[in-house]
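Note that the chains take the letters A, B and C in the order they are written out, and that residue 1 is the start of every chain.
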């Protein structure tokens, strides 16, 4: 409902944002597509011509590909599992009456605001260093041999760091969702004789279903792109090379742009599949 | 719940929540404490918690050795600059979508959000090339533009949801009162949306401040913001825990404080309004 | 000064025609009320005149000038919205001053006009408050104040009283009528409430489904409704209708007779029936009588009539006040 004049004004005012984002999407994307069909080695001869789908098949058949997929899946899956399960429990706890709720909330949320490079470095050195790290001290107190965290248990260590960063996000969103649950529903269930466990299972959990889905989708997109944590801690060594990191290495470290671009296209397709589900949920919400 | 809870349960809740809360917060607290220790105390075995000689020397040391202030300034310029630029571009767009919706509005909005999902690594090389071509590598301007672009969808989205809460009648009243489009946006919409714009700015400064893919890959010494500066501390040699802690504390303190203020808006911004 | 002419004005949203091409003449200084059930197009028509919507066809003339493509700001009209649409971040003073500021008037003149408007509307003590600190009636007055300071060609009111409680609504009705007497400026007033229409209007425009059913003074509409719809819409309680044999006696498909034009007898009248529920208002009593061969009919009678549920009565309509309608619902003269 508006006049022609305001409609054309609206189109004009929307233009900068639309044009910028369109450019931001199309220009690099088409360049990546272009490179992915070329043998392109900037430091070793540059553009060596079209190679069709060779980069795509080589990227998939390289010995580093499947391990990187596995690593990616392990990291994403474990972090999702940890953050969602502990997020639900923590959100339930924080929703209970207690003293100093506001402060506890702040304490729990804090890690989300720590920049990834800082959290990676602090964990790597101050906590996980095998000689001077806090964990090493702790292990020695119990007479155990300190663990070489980032080389011997590199994946669990990385999962722990990333989970620490994302647990607050999951908790905050799930807490918000729990607080929107009508308490009369729970009281009605209690009147109907449902035990606390049953109330959780039949009322709270279904109510959280949507929020959990959203947490999973959004985190997946960000977790697939985890970069700084690996860059700072292991540099992709000790079996921590994810798909993202593999592409990064192909492009910038070994300067094989064609191969890296083909990997990039795979990553884009993967992210888009997940984004599709997320957008469907967000879109439904727009109508409501 | 309206029902009285037994004192006992409240005590158990409180203790449990505080223990978990402190456990989660502990790495930050420990970093903060370590930043006031000498390097020797920082790695003392057994670790010293509170009773040590507090010193500020690490902070001056970090500044002297690596020009911390320069990187801090870079961070501020890039984070604040990209946010303000984004908000200026997003306000008119969000106005259009909120108050002059068409059949395509929803699609445009969702498309904008979907660009946010594009994995950065997929377009790393093209951006790298374009930056070399335009001489934007290791420049604050280049990084500001990139961060503006990656956060623009969130800014548009957040402003859109805030604008939607303003009744259209008020803007129509302004139109009837003789306001031009410019004064309608400037005198009526913007002042009414101040809380929404403020929380949008806050969240996006946080996101830009902590962004650690483009900042690591597109900067060197000159334009490096704190993310990249801190990453340069990754060499494990020498006694440097206290200094690392001091640098880290300074890098996260401002954003931690901002984050505490914006917790509520955070959910709306990060879930695209899907969780309320 | 403020004559408004609509010529063949129509409005479509997509494929639905909200306003069918219509003509309407509003004379300078008139108080015109658009009335009709919700969804009849009355608010859309007002928004077309305001310029908040484009016409799909036809032309709108103010003072003889075609303003169909003029933006709202330039039409010289002021509007009071249903929600009042006050600017919540501005004080009452700034709200009232806003249109003048937009017009680029100098500060001294603005202050003078704001004070004058505040005085007329008894808002002087509230000038420095925010809209959020005012009662519903005060907000309404601020909205009116904001519209009168500009000295517009015409005022547009979009259901301005629907958010007020009943007592306040009665007061504001008087205030707005009083304002019109003082300003003598054209006012167009949209409402779904026929009581507001009858009490305030000089001219009523009855709309249904985007079509003007009838235009006339309140009494013209009451006495000579042009069709069944207007007959049923104007008047409270609404007109009774009868079809079949009762109507054929009067050479019509349908006849209508108002509750106040029925006489009640113990026996010997034209129609016979049983009394159902009666609503006693003190001044009057509305009886719902079930008449054989006609059905439920409302009868207005004395406040202190002695009658009970289930009594049998006999009813006679005033023959001079019977409205006759043909098969298509149009009134027969």
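Here is the rule we go by: contacts are C-beta pairs under 8 Å (C-beta built on N, C-alpha and C of every residue); 3 or more make two chains touch, one makes a residue touch a chain.
Since we're looking at a predicted model, the values are computed, not measured.
Of all chains, the one whose Cα centroid sits at the greatest distance from that of subunit B is C. Compared on C-beta pairs in contact, B-C and A-B come out with A-B as the pair having more.
For this pair, subunit A with subunit C, the centres built from the Cα atoms lie 59 Å apart.
Work out the mean CA point of subunit B and of subunit C, and you get 54 Å between them. Rounded to whole angstrom units, the spacing between the C-alpha centres of subunit A and subunit B is 16.
Residue numbers of subunit A whose C-beta contacts span two or more other chains: 2. Under the contact definition stated at the top, the residues of subunit C that touch 2 or more other chains are 51-52, 71. On subunit C, the positions that touch subunit B within their shared complex are 50-52, 71-74, 77-79, 81-83, 85-90, 98-99, 102-103, 146, 150, 156. Touching subunit A in their complex are the following residues of subunit C: 13, 51-54, 71. Those residues of subunit B lying in contact with subunit A across their complex are 1-3, 5, 9-10, 13-14, 16-18, 20-22, 24-25, 27-28, 30-31, 34, 43, 45-47, 89-90, 92-93, 95-97, 99-100, 102, 106, 108-110, 112-115, 117-130, 149, 152-153, 156, 181, 206, 209-210, 212-213, 216-217, 226-228, 230-231, 233-234, 236, 241, 244-245, 248, 251-252, 255-256, 258-260, 263, 266-267, 270-276. Looking at the complex, you find that subunit A touches subunit B at residues 2, 6-7, 9-11, 13-14, 16-18, 20-21, 24-25, 27-29, 31-32, 35, 90, 93-94, 96-101, 103-119, 121-127, 129, 132, 134, 137, 140-141, 164, 167-169, 172-173, 176-177, 180, 183, 186-187, 210-211, 214, 218, 221, 224-225, 227-228, 231-232, 244, 247-248, 251-252, 257, 260-261, 264-265, 267-268, 270-272, 274-275, 278-279, 281-283, 285-287. Considering their complex, residues 1-5 of subunit A touch subunit C.
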